[in-house]
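Pasting the structures here.
One chain, subunit A, links the two complexes that follow: it is found with subunit B in the first and with subunit C in the second.
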Partner chain A sequence: MILDTRLSLETPEGAALPLAPAGLGVRIMAFLIDMLIKSVAIIIVFTLLGIFGGMGMGIALILTFLLEWFYPVYFEVWHQGRTPGKKNLNIRVINDDGTPVTFGASLLRNLLRVVDFLPLVYLTGIITSLFNARFKRLGDLVAGTLVVYDADPTPDPDFDIKGRQPVPTDFTTDEQRALLAFAERSKRLSPERQSELAGILLPVLKTDEPVITIKQMANSMVGRQ
Partner chain B sequence: MKQGQFEALYQRDWQALATLIEQLEARKGSVSAEQLAAFAPLYRQVCHFHALAKERQYSSYLVDRLGDLVIRGHQQLYRRKQPLVHQFLRFIVTDFPRLVRQEQGYFWLATALLYAPALLLFLAVLWQPDLVYTIMAPEQVDKFEEMYNPANRTLGSARESSTNWQMFGFYISNNIGVSFRTFASGLLYGVGSIFFLVFNGLLFGGVAGHLTNAGYTETFFTFVIGHGSFELTAIVISGAAGLKLGYNLLNPGNRTRVEALLQAGRVAIRLVYGVIIMLVIAAFIEAFWSSNNILVAWQKYFVGAVLWGVVIAYLCLSGRQDGRKPPHES
Partner chain C sequence: MNLDQVTIEIRPRRAWEAVDLGLLMARRWWWPMTKVWLLLTLPLFLLFNLLPQDWLWLSTVIIWWLKPLFERPLLHILSQAVFGYLPTTRETLAAFPAQARRQLFLSLTWRRLSLTRSMDLPVIQLEGLKGERRKQRLRILHREDSNPATWLTLIGVHVESFLSLGLLILLYAFVPSEVGLDWVDLWFSEEAFWFTYLTNACGYFALSLVAPFYVACGFSLYLNRRIKLEAWDIDIAFQRIVNKRRPQPQAQTTAALAIVFVCFLTLLPVHDTQAQDSATPPAQTLNRESAKVAIEAVLAGDDFHQKDTIRYPTLSNKDEKERESKLKWLRELIDAVAAVLRLASWLELLLWAGVIALLIWVAFRYRHWLAAYLPQRVPETARRARPVTLFGLDLSRESLPDDVSAQAVSLWQQGEQRPALALLYRACLIRLLDAGLEIEDGHTERECLRLAHDYTRDHPAATEAIAYFDELTQCWQRLAYGHIPVDEAAGLTLCRQWNSLWRPTATAGETVHG
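Coming up: the complex of A and B.
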């Protein structure tokens, strides 16, 4: 069993959309970035339009109002579900069924921030999002929306090792996958850690260089030289 | 088939899809008609590759990369583009008044919650003038008195247009903000909406009663009657939308609470669209008409009464001709 928060939605094409809901930390970071942008924009608006007296103030008030309530709606609907803060952290808002967020849903989830904010600093929203598997705050629950990670473009793995070796036939598919995953992950592990991990397989592999053997097996699994 | 062979054979297809998706996401790049026509088959093909790759236990980097294309392609394929202008007009002419009639239970409840406290406090203040201080600080009362004192006439005949604009901005941000809060706080089992409706009702009734005692009726009522039709009705509707959320949370019936809220939210947010439109109109009237003191009182009462008639007739009658039921979903 995999203990993570991923979920998969079936599309009309029969494909399973792999989605990873974004958790509290990254969403708070995105919110802070957006808040910073909004505050700077409001300061600029008031200093610039303040010069023009009453009419300038009127326009400034309208712009501030729009920034306060419609800034997230605009970006979520017309920029692929991503406010600048969310874009920066690679997350986006979508509808529950995986389709791009619609105007109504986006407006609803953002109006309900008022309730999520209560009693202060988004306490209601934080608690609610910790009590469901998809990290939804109240606004997301009512609007039927979801914040997910944009899948990172995975770099083409390079196992650094030439040559192939046949995989022992008595390895199950899961075990083969484990070998492959080790080879793919090896770039992020120190050589010592690599040999430590690969060493576990020593009794099964009957070789002196378990790291190289595993990578060569991986080569033969993905069909490269 | 080995993964290497699979990649060599079909890589071209998913790379083509990847470039196409990038063009569509950028929105600026021009996508030709042939490319668009090729998109859906290509997307289905890649969905198929993704399923195959997963089934055949190919390495996770390949599965993930195809999965990423499936998600992004899905976002583009199911993007909803609507004829906005037509929809907007249709909403104003038929959908919104129908929706209000469909939800009239909440509408009347919200009406009672706003006007009953207003009337009660109005009468109470006429009877016992000091009662106005139960809801307002003395300084606030003084401010209102000063604003509507006929001797000052600050609402002014000579008010500059720039001040009008400033007030327009203020009414927009303040009033729509209040109605958004009235709506959203309905999610707290309706309590928030009830609070805002009753509180605003009391405020209005108190001020009206106090200024009547002071003898400033003409300045006050000629000012509020103009935009009151749109503004008060909009506040009532936002309260009604909030009450709908709260009631569905309290009494979801056979549905789960989340499902009940989802369904209520879809209807309620459409009420909020209408509220926004009405409040923009109200702010316009309030800033540029209500404050105008060149006209005599009966003219302002007359126009105010006509505007009330317009709002009531609109909500009662508009969109009745066409027998179809209003859409429940957005």
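Coming up: the complex of A and C.
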């Protein structure tokens, strides 16, 4: 079995929905950012309302309670499953079937933080998430939710090469994708590595300049001159 | 390195996703890695626990400090397992001395606290670089995606310490309170040396748990960086493209694919011409002017102009002024109240209003249920209407003759036994009703008799009269329903006795008691 972080959900229409469950590290980072934001908010609330004496403290405590329990729920339900921390790290909460997270599920997964926290600093959650391939903590398991990475941004199709060439007709979709990926990522490859990679295709392409040929084929695929 | 036999999906990942892949790798090869780790470190750890008590705490610290050394065999396992060969424990241990010697001193001194240790280790161990070349290589590797490596170390340190602490807390939570173990005392007292062993064991356990994951995540980050830098995935894909097109038995599938492609290509133009065919004829019949007119007509139609009429009432000026003057006092009152109450009181008021509203709502919602629990006011049974007839006998006082006995005797003597007894019985019932007995329409003679007997319980004086009534009832029932003639003497006695026992004197009730 080949290890992969990507999960393929099949929709009823037969389309494959690639999802990448987010693991421990990135979620801890997102949590730290959220915790920072919450702490700053709480400090501000207490300093401002502290002026109003006992009543102010009362309101501040109520606000703290609401912030602690409903901050994640609010952002997950009304901001596409992303708290500020998650947004910063490009992850989001969704239901197991890939649909946007619902209110009930979000509430449940966040109420169960208390259990995941035990005996201290989310040790239960950390260990649980290591025990299943989708990195779910207990709250996720109970609520049927999943934390996934956002889809990659579409790369800019600019390959520094003018001209077009037709893609050989016997190239499958995956093979055409490989050609396109080569052109897209060539900016990050050294020229030597580029010609080395393109050289592999020499027996198929039958050209003197495989790098340029492949990029021109990519041009015709994305519709550039 | 054969890229065809890799056991991980090779594709460029986001930096943190690479860390996740590391977690999966550690899960997959957890036991081989942990086995080697334990074989190397556990004897050492046990040995360190023989240190004198004052230095006991050092054992975990030393193991922790030596981690870069013991991480090397773990990396050895991973680096081979990823490419399809899982080395045996024996092989790993055999390779260990050579790996351990490599740049050991630097790794254990000033590089020990490097935060990107996990990502840098493969450069030393797998690429075998040192000095300036190592630095250059690291610079390239760290250009992107090395942030998670730093964070990984920080998270790892914290998870280690919290894990050992959490373990202690968990154990402490299971100690019954009767034992009287003082948490604070344990940390500082000199006598509880066993506690130092315990903290050491917990610390060692945490280190052993975290190490494989840490190494695997760092290696995964390194691997991801290599995959991106050298485009391994494209390499594999290109190799496959070329291999597939080599003249080999695979030619058949290629031919099949070619057929599919031909079909696909031939289908496309057909669709195109069809689309053109259906689109062209109407275009020719319409000229520009008429088309424009038609379009404008459609645009002017109702389909493009939705009209909604919304009505809402507005107050005329006259009414408003009147209302203002009327409501002036109310507004002043509200102003005055508002000036008196401070914000807090308002809030409190609001809260109380909320509570009251809630109570009212609850009461309303469960009104039927509550009603069942309220003491029910039993309506006083309305005084029953005095029955007018019983068993077909007229029960009005007016129908009675003044002297019942005389009338009865005369009837009896005329041979009219039935009317005589009927008169007597009727007279008795009327008197009983007068006395307040609750005789109802539906009662039978026997029930009347029972009510009469009940009456004697409260009014012992009436016993004789009721005994008479008892006898009379029996005679009457026998005569009326059974047509059994009553004994002549007994009948006459009944007739004569009535007056003495039942005749009303001053008030109706007292007579009965005699």
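Please note the rule applied: the second predicted complex is superposed on the first by the 167 of 225 C-alpha atoms of A that agree within 3 Å, B and C clash if a C-alpha of one lies under 4 Å from a C-alpha of the other, contacts with A are read in each partner's own complex, and residues count from 1 in each chain.
The rule is short, and it goes like this: a residue touches a chain if its C-beta (ideal position, glycine included) is under 8 Å from a C-beta of that chain, and two chains touch if they have at least 3 such contacts.
None of these values were measured; they are calculated from a predicted model.
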If you stack the two complexes on chain A, which partner ends up touching A:Leu108: first (subunit B), second (subunit C), both, or neither? first
Using the touch criterion from the header, give the chain among subunit B and subunit C with more contacted residues in subunit A. B
Going by the contact rule set out at the top, does A:Val26 touch subunit B (first), subunit C (second), both, or neither? second
Of the partners subunit B and subunit C, which touch A:Phe135 in the superposed model: first, second, both, neither? second
Name the contact category of A:Ala181: first (subunit B only), second (subunit C only), both, or neither. both
Which superposed partner A:Pro100 touches (first subunit B, second subunit C, both, neither): first
Contact-wise, after the overlay, does A:Gln165 reach subunit B, subunit C, both or neither (first, second, both, neither)? neither
For A:Thr207 in the superposed arrangement: first (subunit B), second (subunit C), both or neither? neither
In the superposed arrangement, does A:Val121 touch subunit B (first), subunit C (second), both or neither? second
Would you sort A:Leu61 into first (subunit B), second (subunit C), both or neither based on which partner it touches? first
Which subunit A residues lie in the overlap of the subunit B contact set and the subunit C contact set? 55, 177, 181
Provide the residue numbers of subunit A that touch subunit B in the complex, in ascending order. 11, 13-19, 53-55, 57-62, 64-65, 68-69, 80-81, 94, 98-100, 102-105, 107-108, 111-115, 118, 138, 141-144, 151, 153-157, 173, 176-177, 180-181, 184, 218, 221-224
Using the touch definition up top, name the residues of subunit B that touch subunit A in the complex. 2-6, 25, 43-44, 47-48, 50-51, 54, 57-62, 64-65, 67-68, 70-71, 74-75, 78-80, 160-170, 172-173, 176-177, 180-181, 183-185, 187-188, 192, 245, 258, 261-262, 264-266, 268-270, 272-273, 330
Spell out the part of subunit A that touches subunit C in their complex, as residue ranges. 1-6, 20-26, 28-29, 55, 89-90, 119-121, 123, 126, 130, 133, 135, 149, 152, 169-172, 174-175, 177-178, 181-182, 185, 188-189, 193, 197-198, 200-201, 203-204
Can you tell me which positions in subunit C touch subunit A when the two form their complex? 6-9, 12-14, 16-17, 19-21, 23-25, 27-28, 148, 151-152, 155, 158-159, 162-163, 165-166, 169-170, 173, 213, 217, 228-231, 233-235, 237-242, 245, 254, 257-258, 261, 265, 343-344, 347
